[in-house]
């Protein structure tokens, strides 16, 4: 794979395009957080955080941080007019109860049937930790995954079956990587878009699962 | 742009289909979304399953829906009151179905639906006729009955104030079933006394966040 | 039974004596409601109503009623300073979760093992109705029953086993009637107090269950 | 007369027994009842099961309890963080037990305890390792795992203001687990920034009613 990969911000821009105006959205820690920075000002999006914040605004100006007003990634945030606080149990009612329109999650692995592994690897040296990942994966109306197409050492993350412990089975709707946009369909991954310069053959070569290419395959437009 | 405010009561209940399950807030005469129920009567949907604590009284709201034969089944905790004549008439005639649920279980079943849970065990009613046909298990040393979520197509709720995002606050005991019902329906419709600007409701004191609300209509008090 | 029966207010006064200062109390519809009127001013009691009111005060003055601020009996009430509103589901968390210290309930029948029947008779002409009776019976730390000792036509309400449909099994702690105060013990009803002029024999004659009389049996002092 | 205010942090945590299950509020550094946890450290109770979202960080609060070997077991959703060195050290040495629970399930299990329920089915984690050994059932077309209530002996909670009845309001996201934990413990102890007169809190905006609270202590901010 020699074609340049999309930057994290470009992938976030591509995700942002798929989020409808007026959505209730939860952005997972890491790459997904970038999405909020690139959603256009024409859209009114209500961001949810599992620690009990609905209607998060941009990061506070330096010096303006409130140490108690944080998001799930423990970063200081602000609250928009119209925002509201709730307790943890109610925040998870929103998640598990299907009230979040879009959940954008990171992933270690995604299987062609939509299985998601994003909470544990096979590394036994660190204590396990799950947080809200499983609730987000089972509860949101749409589960979008943002991830690099391969691991740092080049192994595929899109697989016939996950080898890491599952977060949830058959939940992922769409995957955005630095090489492609793929839908999870009953027949497995369908590639909708590829990054500029990426050929179907090259994409298949770095993907563990067998890919189908959409008849109207296009090149990713991040903007 | 999010704006859940609708202009008329007819807009508020537009699209409710025959055969829907409809949650109707209120306890006695407190917190009943009277105008929304009358709009639903006008709208014409029939063959309804109505979930509400009481079975209506007099000629108004749920009693009127029953009188006009729009209600196939009532799920409630206390259908009997001085004025519940229409319910009693049809019940005696075998023309309306009744599912009786203990009040706390009724509320908890709607909460389970809104919370995405598959059901819960409760000690309430486990030793009663109302547990008949249900799974009963001894947990923590007491008999508990398995109760299933109660989701709905539509919730009709009365609140006091709302903003355009659908954030709600209520007034005194009129809050009753509203916050729970709002979470349990595919379409949550709310009547309020007053619209306020976005940001006018204290974020620490919002009782129903707008995420649970689909349409809000203002009704003159 | 020719001895005069205690008045409803006298029975309420007797119940009130057993409610400790600082208790969270739910009073059922009917006779139990009288208790609030006779609790001494030396006690601070927080009254709970299952429709979402905690900290109810006395009835409003005529003309001051708020039609939305009612109790479970649908009567207008007031809220004391320190009171709070909650939604129905939370009001029942308080009840079922064991947070109410004392629940005072009416009864059709009480069995000697503490079984309670207070929601349905064998009358099939009326539609069944249960309300919050079952939640109150299973959830409160102490369940006190206030009832006439016999039905209007003289049949006993305190029985070896209830013949009406049960509200809950083995939940009643103490029964206050117009003739006696009885505890439910592992060995059945133990009479603690009798109304003035009521003999053990006379009480047993109007009671379906076999009574034990406490060694320190006293006469009910309603005040 | 109801007065749940206590004068000192030592009074607030008096009587906590060895072997207790202790709920500790907070998410990251938001809403952590730091002073109460330090008072518990001082008080000396050991062999504790601590239920809290994270496993402490640095040398403060839960991390200090772990460092001083007071904690037999942690029940949490996310024990791993940059500063969770004491937890990791004991965990690697096999000297502290870990029960990992998905965050929403952790909160819901405490709610079930406070609500007097015997357990619930949830889709969360049903297809994961965390469902191993638990009953799994297909309900409403999806696999759901049976989870049991998580009651406790003590809850340590941070709120913003309280009155003498123990009514509480919180501040922003510091609310997090507080309202649920307050319902789930036999003894709920709260630290607040400020005491207010009875009646000063808006009855429409009380988040935790005093019925769930046993002791409140003021801690200078």
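Chains: A, B, C and D, in written order; residue numbering restarts at 1 for each.
The definition used in the following text is that a residue touches a chain if its C-beta (ideal position, glycine included) is under 8 Å from a C-beta of that chain, and two chains touch if they have at least 3 such contacts.
Computed from a prediction, not measured in an experiment: that's the story for all the values here.
When the partners of subunit A are compared with those of subunit C, the chains appearing in both lists are B, D.
For the pair subunit A and subunit D, chains touching both partners: B.
Interface comparison, A-B versus B-C: the pair with the greater number of contacting C-beta pairs is B-C. A separation of 35 Å divides the Cα centre of subunit C from that of subunit D.
Distance between subunit B and subunit D, defined via averaged C-alpha coordinates, is recorded as 32 Å.
Separating the centre of subunit B from that of subunit C, both taken as means of CA atoms, is a distance of 30 Å.
Each of residues 108, 111, 115-117, 122-123, 142, 170-172, 204, 207 in subunit D touches at least two other chains. Residues of subunit C found to touch two or more other chains are 79, 85-86, 92, 95-96, 138-139. Of all possible chain pairs, the ones that touch are A-B, A-D, B-C, B-D, C-D. Listed in rising order, the residues of subunit C touching subunit B in the complex are 49-53, 66-70, 74, 79, 85-89, 92, 95-96, 115, 119-120, 125-135, 138-139, 165-169. By the touch rule above, subunit A contacts subunit B in their complex via residues 21-22, 24, 44, 46, 48, 54-55, 79, 81-86, 92-100, 138-139. Put simply, subunit B touches subunit A in their complex at residues 1-2, 111, 113-117, 163-165, 167, 183, 198-199, 201, 203-204, 206, 209-212.
Partner subunit D is touched in their complex by these residues of subunit B: 108, 112, 115-123, 137, 139-140, 142, 144, 148-149, 169-172, 202, 204-205, 207.
Contacts from subunit B toward subunit C in the complex involve residues 27-31, 55, 77-80, 87-88, 91-92, 98, 100-105, 107-108, 110-111, 122-130, 142-143, 170-180, 207.
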